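Comments concern the structure below.
Chain nomenclature is as follows: A, B and C, assigned in order of appearance, with residue numbering initiated at 1 for each chain independently.
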């Protein structure tokens, strides 16, 4: 299968082609590594909010501590819909462990209270 | 429950009538289809108090324009509404134009306009150095003014409300039945009993008249679009700058507003739809090109808003008086320009017609006139300091472009006829009227409204019914 | 000890406050919001701080790192500055009322605002559901509100792209992103991770030509634009949507600056600054998006620190060389380089006018070329940085920065 993608390693934004594990049109080695990862196991850091009680802001910004498989972003969002955090909370506090069975924690991004 | 008078329509004409009738011992109700006053033509016009040289001598337009212009200054002073008599120039660029100006001058003199003068090129440019260099002369009218139209309508409505006039919003009139001692008026699902009706329904006034079988006039709505430019452009001209009138209208005007912005417009597009206030690309293009003929230095990149308004055209003159169908039904219809100027005079004439129809207009001895509208930004520093000491909410600036404080928003929410929408607050306080157009203060005004009205934020509307800004909370399972 | 008053506690003001304090000044930090951090609080996505912390922080985390360091600084939040004039700052808040502070230096760090629908003159109705991307971001991330079910984004600036992803993750559908220019003004990374990840189409060389809807937005009309960026008749199509987000540019917020009589550069819409971030008014400094709209917060913090240090020390006045944009370059900051200064090298910040895959940045002193640097992949969406020696600058009459495309 032939896949085309835009490289995000540097601002040049090469249009890289990947076909049967062969990377072409990449401008550099880093682009090849990026492209192979994107087509085999694309991952993203998820940033969103969760409900917050006991403080003036009603939402707490959170993120996955590490990147998680791209395909799990929506499942992770649905899982976080059910999470409510009570203030006070500190940056780095874990608000949800092992999101979607990835072993990755979701942590608070902000001090509140 | 029986009313002496029901006023249909809460635009500047209906509000002026309510204000006039509030002086008398009458039971009056104003019904308005929309959720606030000044939602139709009143909120989207040039905001000019005309001198009165345009109207045909002897017409209702001429009579009420001149009288309205005279009444406006005192009225605005009593009601703390911004009004400035800055004068106007009608520009001429050709021999034809100069003869038009001369005709306007003579007409104005006949109508009783004071202070009119025909100026030559040098005199014109001396008054307005930023005009196009090819101007050949102008008609100067020192009595022309600028006003805050929705502020005027609101102030008259508030004083009326404080003196007992009732207001029913979101109440479009769906039926009027004539009966022996008056009318049944059905509006917003309620049926009201009244001795008389004042039809001030703007572009809908012929439809309202039709409800009692009236067919003596028809409204052809037309639409005019505008630009409102940043205050950086507000001092480009110091008078209202008109172009020579043609059969298409009064041309495109350029003027500063009482808020310090520059207003440019309108065009005139006849249309069948009475609700369509979309500004089209063609309109905006035409206005920009035409305005630059008068004032070539306008920087349209400083535009902060475009809007369009609908005007009730189609009748050769204002229609002020009883319906041929029923003398107890007073039409105030076909009120196109200069209707804003004429409003106080039209209201007085409406009252006179109601008297003819049998209403006793006895003055109330407990009428409380006047209203104050405190704007934090216009106060001297020591007054500002005192205001915050007395009420700390004046120390929290919500709208940073216009320096509008939370205290002023709370004042509006606790005044008669309080706002229910974000734009209602905007019209009363000026929040979101500045260069960021509510980008920063919109959510904060929204929050204050929800808090003060005790409702969820997603229940708050921007303006008209169905104009919710938010749909609900995030993190809801149903999405 | 010098007194320094800082207006704004976003990334620029926070960095300036810490740097000024560290340089020995007594610092008063004024912030109009109830919380410190400015716009970073609503930028919950990651990607902040790659240069400064070698980490991909979220906006609140990035702000938090600075807020942690704010000891020994006077802070007044919920405070709006009404006026600055010759060293005096007049402000209000509900607690202290109206007050005026006089200090040795003032630092302007008010940030920028978004261009609106009116500013770009989109014809049509004025319904609810039309938001600047930043206002929408606040509604979603701070107020926790859902703002629409089906959105169109006008402009491919980074905030718009970030909001496309954010709305999608929160359950809305983003029907399209529409960009007037033939290229995106957002970072590739955002094009990939915010649009491609969610199959959101990007229409380049298109614009919204009409807003449709009386109460809440019902649809937008989109049309292709020609090389003159004007809509091509006959190419219009309708996209049903209840939300339109505008991500069409940012404008430095300089009303206070203008009112104070400080010179404004028409290219940046920000104050004219020296390399130490002093404006044309002695003792008044400026930093961050009030000076020029940045795309990376790291450089905002750098500018803040430069302003903070200079304000704390009080640079002597002296001779300077003017720097101006030439062909292919939109603006240059700083606009003036002092002949005497703490650093030997001054970095020029600017943007090129159009994308260029291969070219050179060339600096002239009058007609004479004094500096030439090759560059790959320049685009208006990414700020260019060009170090230049103070010695070279101080011997020049006027420096003109240009971009030359390789043919």
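Keep in mind that, in the parts below, contacts are C-beta pairs under 8 Å (C-beta built on N, C-alpha and C of every residue); 3 or more make two chains touch, one makes a residue touch a chain.
Note that the structure is predicted; figures quoted are calculated from it, not measured.
S.K.: Please indicate the chain closest to the centre of the assembly, with centres calculated from CA atoms only.
M.R.: Answer by centroid distance: C.
S.K.: Would you say A-B or A-C is joined by more C-beta pairs in contact?
M.R.: Counting C-beta pairs in contact, A-C comes out ahead.
S.K.: Between subunit B and subunit C, tell me the centre distance in angstrom, where each centre is the average of that chain's C-alpha atoms.
M.R.: So the centre of subunit B lies 38 Å away from the centre of subunit C.
S.K.: Can you work out the whole-Å distance between the CA centroids of subunit A and subunit C?
M.R.: Taking the average C-alpha coordinate of subunit A and of subunit C, the gap between them is 26 Å.
S.K.: What's the distance between the Cα centroids of subunit A and subunit B, rounded to whole Å?
M.R.: 53
S.K.: Could you pull out the residues of subunit C that touch at least 2 other chains?
M.R.: Expected reply: 140, 142-144, 170.
S.K.: Please list all residues of subunit A that touch 2 or more other chains.
M.R.: Residues 49, 51, 59 of subunit A each touch two or more of the other chains.
S.K.: Using the touch definition from the top, which residues of subunit B touch two or more other chains?
M.R.: 474-476
S.K.: Which residues, counting only subunit C, touch subunit A once they are in their complex?
M.R.: Touch residues, subunit C against subunit A: 34, 41, 44-46, 56, 58-61, 64, 67, 140-144, 166, 169-170, 187-189, 191-193, 196-197, 357, 376-377, 379, 382.
S.K.: Name, in rising order, each residue of subunit B that touches subunit C in their complex.
M.R.: Against subunit C, the touching part of subunit B is residues 228, 275, 277-281, 283-284, 300-301, 303-307, 381, 384-385, 388-389, 392-397, 400-401, 403, 405, 435-440, 442-443, 447, 457-458, 461-476, 479.
S.K.: Where on subunit C does subunit B make contact in their complex?
M.R.: Within the complex, subunit C contacts subunit B at residues 32, 78, 80, 82, 90, 92-98, 113-114, 116-119, 121, 123-129, 132, 134-135, 138-140, 142-149, 170-172, 209-212, 214-216, 231, 255.
S.K.: Subunit C touches which residues of subunit A in the complex?
M.R.: Contacts found on subunit A: 5-8, 10-13, 44-49, 51, 56-59, 61, 63, 70, 73-74, 77, 91, 109-111.
S.K.: Quick one: in the complex, what on subunit A touches subunit B?
M.R.: 49-51, 59, 80-81
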